[in-house]
Every structure is written in structure tokens, then in C-alpha cells.
């Protein structure tokens, strides 16, 4: 039982990490708390559903399509709405709320209210050492999430695009003086963050059925994670994601859904009050 | 002798992580002094002002103001003890008028209460009147009547500095600390601002000035302390300072 | 003296006019009164909520947890007067609700006032979200997911006949009382201090003022008033459940300020009138409601950031530019 | 047309006007310093050239190309590099990464590594610390990094803003020596803002004196140093 919960915690943590990493990236680069993050998660899930169950594409091809399409969607939103207002924090925040409302509302109109499920190509149960038994799709989703995160880590840490993104994060002014187009770099960062949310949606749609509001809970979790980890701090977020994964896995099944929810937000308040820089933050 | 000191800084050190911004600096300011603190960039002058005014807590040492230990007190408490300061970059409430800015400095502001403000009691009216009268006094003193109704943001830089001084003297402080009041001013404005400061000093206010403009410091100050890399390297009258070997070395790097 | 009194007299005139509304509507179109009263009550209570947030905004911080304080006020009233009948006078139930909201605001406010901007927003939001699992989980005293029902109207409310009219006058008094209080504060030296804190709190500290005290004071007062409104709203609805006041309640209150404009006290009033009126109609629109809501937010943020109150100035500027262009074209 | 030409430039921040119609021109290989009180508009001139501060009216020409209205990142591509006020190194990146970012506009990797070696030759200290986080270095080392970083784009014109701010005199001397070396050996033109008037007059061949957003005096540095105005107001000599 313990092992079962531990592995479930790891899988949950990996998915949370994926959602939260996009949020962290966007906050880090644009200093904007993206309230529309859950909507992009939902759109990713819906895109995967329509690509596989309606168009009949193989699952992994659908995920690949998500990777191709969502950067464009993200960049379009950045250019169309967020770019001109990003220097006013409240306007930026409220605009993301507006996008959230708009897209979720449209989602209900377009996708309908019925729950949708995507089937994962690999099925069956996998026995793990220690007596835990896990559905194969759960395990695979967790592994894919970790692989994507590793890819993002390399992209941000090792490539010249990543260097430019980090430069803009640390000082847009200095980045401009290096010859970096800060506006374009921010659009790239936003597009990347949105794509990560959409990928997470595409993965989760194989575990739980989805509807147009399915992004809210992962988004709430992601918020808790990035605050716990320290806004914009990547390492902190990773640790926080697994902490939350374990809390949900153990706390959720031991104490019930509401207690888990309460603990999550309680944690946010305590962290913000006593250590606003997060668990890994330095002051 | 000792009770003549309005400010006693004793053996004050301040570290930021591994960086030593001040190490064991001490000096006294006597009542009525025109005291100057100078030193090259990064010598720790601003850190010293921030320690004295309570923005930073010193890592070591003590600060005594008017015979009372103020180390570790909250800044607003220190201000209410009768110490005022201005900031290096002219800091005002830019969206308020000049008059409102100066009213914010008036001591009586600290005693207005929420309930009396809502109910408009007679005590609230009395306080309001006291605040407005004091603000008017300061406006008259600094010759700001013409600009009193303007937004602070719309004033020229030199006048913003004057308003900042007005805000600082509104509570009738015993000691006025000026953090680089001349930075960014052109010669004519320098004379105007220094004129105001000198006349305040003549009226008995103790002045503690941190400045880059050597000429102004040498002309006006009665006593000077020189900091370099967080250490006090000289103290004395302007004439002595100008002849001091250490000072010349730290300024010219020879 | 005259010019100082003028806005008060104007407000009084509006209040008197609104006080004459019930007999008028009842006379002209008695079947429309119920709906009219319902919308007006919502608007007037929302005006109160919006003004409280405006007052806090003056001090520079934005709370996304005002729905939580409405919830606290509402539940406290409901628990005391309906569920356990601990208080027999509903008016005292409102007071208790307000005190509960204020007490919690005092504790929370003291702990969080040092947080700035997005952090303050996130912590107040988290606080409001945290209430949901609490009230849902406990049958006692919150009534679990069913909440509390049969909350009575306050005593003496029926002197106007049906409760609609009574609640209408109650909301009218509430809305204008809040306006008066916020107005008094904004015009006082405390208002000056509040505004200064919103601009530069370090400088306020160096004026010898304890910033934390003023910020907490404003926060507590705002939540106290909001708590009363929560009590009134709850007894008007006769029931409260975990789903009555949600994230969207808090968001609406921000929206009043955004749509109306935050520059002056008129802003949140205009915003509350527009949005709460609109909300009542959108309620029937199902999911289109979210779409419209989203479009409204995006429209105001990107095209009219100063809110409705800035519209005349914006139009004038547009118009002036156009005529200028024409002149150039003619020349 | 001159190497750099600023014509009747008006610019400012928000409602405030920082430059009231400033004109100046520079020839290739010159070392020009801007003198004046804080807020006189020295940094504004530099920021106008680099594109950080938009021009309200007037023109800026660099090597025959009109660049006012260009975004800062495009101007870097022309060979104009700024060592900004307050250094602005990327604190959470290594020395190497900072330098690499300086060469963003260069595409040729061979050329990049050659310049990197040059910079390491000029500043051996940076070479020793190439894997250190820039934010953990001393102020002087950060300033060296800022200068080295600006060299990475192979600039024709370097704009420097308050190099001496907060640094020990010896370190400042060291950095200026390097800049002089770059000017003399590589022919890079320098436009410098320097608060310390003595230093500003020493390192430049030409000097402009600013007051309240206007150029009030110009001339060869050695002559300016002797002028009554400069001696009294900026050198505090009697």
C-alpha cells in the first residue's frame, strides 16, 4: 500500500511539475502570473482527444501535433493581448483571467459538456518491486513527463535559445544591449510555457476524463507549486511538485479531497507569510 | 559636554553577507553643527545614513540620538523621536501636490485616527488645522507658495529637492539628515538648495549632510568625517580635511 | 463651504430619488417590482463591496479574497441566527458577521501586509479558496455541502409590506452608508496617508508613520463593512452554501473597479452598476456568460484601461485628433 | 558625414525632458567623454545612441545610417555596444555564458572563439573565473565582465556609462587602461560617461560639458581641463 502511494505520488508529482514548469517559465520571463494556464492545459487535452478519437491519429502523433501547434497559439496570444500591457502587473494578471474566461466559455460551446477520455496505446498492469501494482499508462505518462522536463531543462540550460531566455529574465534591458530581441524572446518563452501546459493536458487526458473545466485543478496545483518553490525558481518548483504529489497521494487518500485542498492552500499562505521567496529561495 | 551631542554613533559595523559596508565607525554630532560625511563612491556613506535612520539594523555598535539609544528601533519611531532625513534620489509622492507632500511630513499626521476622520469630530478638525498651518509655514519658509498646488511630478528637479527638504523639516526635527541633496543639480540650483540648508542651520537646526560636491561641503560644513571602504579615515574642520594625506590618497587613488 | 457640501447633497439627492423608486414602480408596473428590487439590491450591496476594495486599492494592495469575507459574514450570520438560534435578533447577527470578518482580517492582515502586489493578491486568493473545503467538510457548524437554510429577514423589515421592499431599503442604506464612510476617509488626512502608502510606503515610514498600522486598519475596516454586506446578502438569499460565494465573487469585486475605473470613487460605483446588472441577465446565458465576461475583461484591459469614467476624456481626445487631422487634410 | 552624428535630439523619460536638442558628432577612433552633473543628460545621450531611450525629435546617424527609432537590439548589430550603468551583468549566469551572450549578434563560431580568447587575454581574471556565477564576483570583476561582454560583439563604437561607480580607484584605472588599449590597438571608438570629472578629462581626447540637457561647452580634453568653468564647478579647484 505504501509503495503504491509512493509511486502514485511520483507520477502525480511529475505531471504537476510539467504544468508548473510552464507557469514558472512564463512568470520568470514575463513576470506575469498566467491565470490562463489551465485553459491551455484543457486545450491540449481536447486537441489530443480530437486528434486521436475523432481523426484517428496515433496517440504519439497527436502529442507531436500539440508540440507543433501550441507554440503558434501561445505566440499569437502573447502578441495579440499580453505584449502591450505586460509592464502593468495588474493589467497583465487580469488579461490572463480574461483569456481564461473567454477560452473556457468557448470550450463549453465547442466541445460540449460531456466527459471525454483518450486511450493510451500501452495497456495492462505493471508490477513494481515492493508489491506495488500500477496501470501501465500511469507509469508511462509519469516517465514521459519526466523526459519532457529533462528536455526543457537542457533547452533552457544548454542552448543559445535558453541562454537568451534567461538573459531576458534577469534583465530585459541588458539583453537588448546584447542584441537580443527581448519582445521576441518573451513571446518564445510564453509559447514554450503554453506548449508545456498543453502537453500535460494531452498526457493527463489518458488518465482522467476531461471537460472544458479540467484545467482548473492542475492550474491550482501549479500555483501552489510555484509559490512553494519560489516564484520563478525552477529547482524549487521541481521539489515542490513532488512534495505536492506526495501530499495528494498520501494526504488525498488518507484525509480526503477537501483536506488535501485545504492543506495545499494553507501551505501557500504559510509560505507567503513566513518565507515569500519559497522553500529554495535565498533572502 | 556629553549632553551637547545630538547624535552619537559608536563603533558601528554593517555587513551584507560577506561584504563589509561599515567597520567600526564612530562619530558625534553636536547640537547646532553643520556636519558633513564624505567619501568616494561605495565608501559606506549611504549605509551609515540608513543605519542611523533605522532602515538597516547595524551588525554591531550603537546609535544614540538626543541621549536615547535608537539602535533597532523602527524607522517611523526614530523619525518621531525628532530625526528627519531626505533621500538621495529626490523621493516625493509624485502624484500628490506640493502642499500635500509637505503635510505628510507634519508631526500631527501621526495622531490622526480613523474614527475621528469618518465622524469629523472637533478634535479631527483641530488636527487638520494644525497640519495645514504647519504646512503653510514650511511653504512660506521655502518660498514654495507659487507651486503649492502643483503635482510634485511636474516640478523641475531642483525644486523637487527643495520640497523633499520641506517634507523633512515639517515635523521640526532636532536633526536633519540630507543624503546627497545636490546630486543632479546644476550650479545655480546648488546655490539655492545650499542657501536653504544654511539658513535652516542658522536658525538652530542641526544638519548632517552626505555629499559629493566637495566645494559645497568645504564651504558650509563646520566639521567633516571622511569614510573610505567602510572605515573612518579622517575627521576635523574643512581646512584640516583638505590637507589630510589619507583623504587625498583615497580620492585620487595614489 | 458650499462647494464642499455639493457632492454630499448630490449623493443625498440620488438617494432620495432611489428611495422613491419602490412606490413608483409599484404604481406603474407592479409585476416588474420583484425583478427591479432584486437587481437593485444586488447592485447596492455590490457598490458597497466595490467601494471597500477601492479603499484598499488606494493603499496599493489588491485583495482577491473579498468573496471570502462575504462568506465569513454570511456564514456567521446564518450559523448564529438560523442554524443554532444563538442570536434571536438578526441585526445582531449582521454585526456578529462583520466582527468575525474583521477579526479574521485583523489576524490575516497583520501577517500579510508586508506582501506586495501579486503576492498579496495570491495570498488573499488562497485564503478565500481555503474557506471552501472548510465549510464543505464540517457538518457542524457549517452544514456541509448543503450549507444553511431558512435564514430569516431582520426584524421590522416587513413594515414596507413584502420583504422585497424592505431589503431594497436596507441595501440602499447600506450602499450609501459605505459611500459616505469611504468618502469621508478619502477626503481626510487618513485618506492622504493611504494614498501616499500606495505611492511610496518607504517614504511614508520616513514621515514618521507606521505603515503597517494604516494598511491593517484599512483592510480591517473594508472587511468589516464587507462582512455586514455578506450577512445582508445571505439573509436576503435566505440560504448560504459553499457554492454561494466563490472565486467569481471576489473577481467581480475587482471587476467593478476595473470596469468603472480606479481613478476616482465614482469608478467602482459605475462598475458595480454595470456589471451586477449585466450579471443578472448573463446568468441565463449559460456558458456564453463566461465568453462575454472574458471579452469584457480583455476589452477594458487593452482598450479602456482607465475604465468607464475615463471614456469621456478618451472620446474627447479621439474626437479632437480626428478634427485636427481633418483640418490638416483640408489645409 | 561623421562616424556618429547626433542632430538636435530631444528625448526624455515620461513627462520629463532629459535632452533639449543636443547635437554632437564623433569621428572614427576618437575618445569622447561627457561631463556634467547627475541628471544633466549624459546617460541619456548614451542611451539615445544605443536605442534604449527613444528620440522624440531629431536624428541619430551611425556610419551613414539613420538609427533613431531603431530597437536597441538592432543597433547592436551595427557594431554599437554599451557597457551600461550599474554594469547589468547577468548575475545568475556564468562568466562564460555572459560573454557568450555578448556575442549574440555574431554567427561565426570560429570568430566567436577567437574573440573570446582576446577578451580572456585582456582580462586574465575573467579567464580564471569563467565558470563562476557573475553575481558572486566583486564589483570590479563584474565591471571587467561588462566591458569584456561588450567587446564580444566586435563593436566599432563602445558606449560606457559610469564605469567608476562604486569601484576602487585602482580597479577603475585598470579598466580604463584596457579601454584605452582597445581604442589605440583596435581602433574602437569610445563615447564615455564618467562622473569623476578628473578621470573623464584624463581618458578622453575630446570633452562635452552638459547642463540641464544641453551641451554648454565642448573642446579638446586638455583645454577643457584648464577652463575656468570646469575647474571651479567640476574639479572643485580654487
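We just call them A, B, C and D in the order they show up, numbering each chain from 1.
Just so we're on the same page, a contact is a pair of C-beta atoms (placed from the backbone, for glycine too) under 8 Å apart; a residue touches a chain by one contact, two chains touch by 3 or more.
Since the structure is predicted, the reported quantities are computational estimates derived from the model, not experimental observations.
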item	value
Chain pair with more C-beta contacts, A-D versus A-C	A-C
Centroid comparison with chain A (C-alpha atoms), farthest chain	B
Rounded Å distance, chain A centre to chain C centre (Cα mean)	33
Chain B and chain C, separation of their C-alpha mean positions in angstrom	42
Residue numbers of chain C (touch at least two other chains)	none
In the complex with chain D, residue positions of chain A that touch it	160, 163-164, 166-167, 170-171, 173-182
Residue numbers on chain C that touch chain B, as the complex places them	181, 184-185, 188-193, 195-196, 199-200, 202-211, 217, 221
Touch list for chain B against partner chain C, complex	53, 55, 74-77, 79-80, 84-85, 87, 91-96, 100, 103-105, 107, 109-110, 112-114, 117-120, 124, 127-128, 131, 167, 171
Touching residues (chain side chain D, partner chain A) in the complex	50-52, 71-73, 76-77, 81-82, 84, 88-93, 97, 100-102, 104-105, 149-150, 153
Interface residues, chain C side, partner chain A - complex	62, 111-112, 115, 117-119, 121-123, 126-127, 129-130, 132-134, 136-137, 251, 254, 258, 286-298, 301-302, 305
